[in-house]
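Worksheet: the structure to be examined is printed underneath.
Chain nomenclature is as follows: A, B and C, assigned in order of appearance, with residue numbering initiated at 1 for each chain independently.
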């Protein structure tokens, strides 16, 4: 499998505060990779660096192209769909409009077929098609954010703590859907999460990020069996 | 260079600056320059006073007001009316003007609690626009012959003369106006410094930065915000009183009150919000810019000869463009930007270097 | 009764102007988050352009269209070149920048076009209709008609086109719009461009009967601010409703309450104060609930 995303020696921060101190990881095509970390570890910073939302140094190569330094809009056009922390719902638009804006960079009739497809995958969105997106529950907004990202037919999906603020049952359903998207539809994804249990269930490989450095990496099985990981993230 | 050494140098420089300033402003300018310059400096001073007050409200407390021209007007009219129809000496009118402006500030401060940010700015704009109309309606001509929405006449020269109890080197009207304004600046400055360093000053900033948190530590938000309004209004009112002495009349057209309100705000931002000296420097820039522009702006640019009359009409444009450019380069204002520059120069001098240059990342 | 209705109609006419300029203010505010003090002066300059073309024999309606087009481009350029560098600065800095723009445009306009009063040729016949003794002038009809047309065009563009959708997305959530690839910079330019064009139209129509001069737009701007604040600064609908209310209330009180003679501005501002005390974000504004 070829590396879809290759990150090397990534350093990033906010002004005087350095958050990432040089990390390396990769995502192969068709893979679901998870980055585990506690609050403040640098998970969101990592994704924002990939999306070009903050200044960073090091190497980010996506689909064979170096993308570090490019503008966010260009990176989106290259095929990366970023679902931000807190879902980033465009609250004043309807559900349908949110999905359509997700397809902004595309043209043609296939947009309509894709819309129907995601309405089928996420029936609750279909029910609320013309409802204002901001009035939906957290779980529904998360579904919307993911569907919106998928509307661009991305090569890589970035998900920032999808479980944040959601009830346990909702997150279980959410991750089940993510898992299916990866296994059945081959959607490559990079998920950063605190909720290790759910994340490792759907991922092939994972990394553990602690205060800006990657301390452990391995397959999902290896990580689940790792004592440190179990103690820190699985509460065992 | 040890920390103590640096402190000593800083203190020494400050003392030297104060002595030089005291000589220049306390003696040289009023004694040796002609009256038009003296009056101009007096204007810079009272604008500075108003700006200092506005800075307390807007810079330190975060409530944006574009209506302080109205409070200025209250002080101005109080002084003018008392001097004109009741024959009060100027100095006696000051406490009354201060009290009136303070009271109006309280009156405005309370409804201002309900309105935030942009809407507050617009409500204060309403105040500035309303004031001239209110005075036109409620101040009868006989109460104040020199008041009006356009220059009617000048306050009788006798009323503007320095009173008998001042030292003899203050002999001319312009010198009297100058020293009054200077005194207002000095006193105002001292009070601002004391306030900013006090608990009240910290409460101002706390309310600005995080109102909910300030409340949880026991700060009475309403009291702080209303007081901030009232004190800033008082400063503006005193400045308005000085105006009477400097311009020899009381006037409030909707254009001038609005312009004044903007002048104060520009002075605050140009000098540096939430700095003590910033508003004063800003006021000097604002008041003198007209003269500087017409004097130093070249008469020929790229083969285009600029007529003098055109230069006069263009000077607001040059000022406006200058403002915009200043905001690109020094968004913290002159004092704020100056502080930033000296701090980085200082750091380099002390031998501290930043880690390997990362794009946009400092250590 | 007919006098009352006549005054209401007059109020609606002037209200339509305030509504148009308020609409421009809201467009700029929704996209770039800036209160543009220079909106009136931009409209002023655009109106001077109309006079300039009309003086040279261009038919007035064409001159207005030309000016609107130039203003559209000008607005976009102003955003890109002058405003973009400071877009992320504190609100105070932004206020100062727009004030600087105000001063610059006003004085450049006066230098370029002269300080005397300019008369614009009428774009339409000056007629008055008298349905049931209520006086309706052609001015009022045109102003209201233009306002309706503006709102219709704006509605269609914003709600039925892809670019309108992108524009609304940027106004609602800047970051998410970037993440789906919307060229956000261009949307910001579009906001300023549309506002400038609307301002040009409003200025041209309102100035025609009275003549054009340096301070023409300033009082209108103040009323437009009042209208936008009344309606809620983030609501285009609010701007329109607010403008009409300000216009009608202003005209009626001038007519019926002689106590407010000379202090007409008390009325709109008093109204705004009352509304804001009850609903601090304006009639149609969205109350943002803040999480602490």
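The rule is simple: contacts are C-beta pairs under 8 Å (C-beta built on N, C-alpha and C of every residue); 3 or more make two chains touch, one makes a residue touch a chain.
Quantities reported herein were computed from a predicted structural model and do not represent experimental measurements.
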Chain centroid nearest the full-protein CA centroid: C
Most remote chain, CA-based centroid, reference being chain C: A
Distance between the centres, which are taken as Cα means, of chain C and chain A, whole angstrom: 42
Gap in Å, rounded to a whole number, between the CA centres of chain C and chain B: 32
Chain A and chain B, separation of their C-alpha mean positions in angstrom: 52
Residue numbers of chain C (touch at least two other chains): none
Chain C to chain B touching residues, read off their complex: 29, 35, 82, 85-86, 89-93, 95-97, 99-108, 110-111, 115, 215, 218-219, 222, 225-226, 229, 233, 261-266, 268-269, 272-273, 276-277, 280-282, 292
Chain B - residues contacting chain C, complex: 58, 64, 66, 111, 114-119, 121-123, 125-127, 129-130, 133-134, 136-137, 210, 212-213, 254-255, 262, 265-266, 268-270, 273, 310, 313-317, 319-324, 327-328, 331
Contact set on chain A toward chain C in their complex: 51, 53, 72-73, 76-77, 81-82, 84, 88-93, 97, 100-102, 104-105, 148-149, 152
Residue ranges of chain C touching chain A (in the complex, touch as defined): 162, 165-166, 168-169, 171-173, 175-184
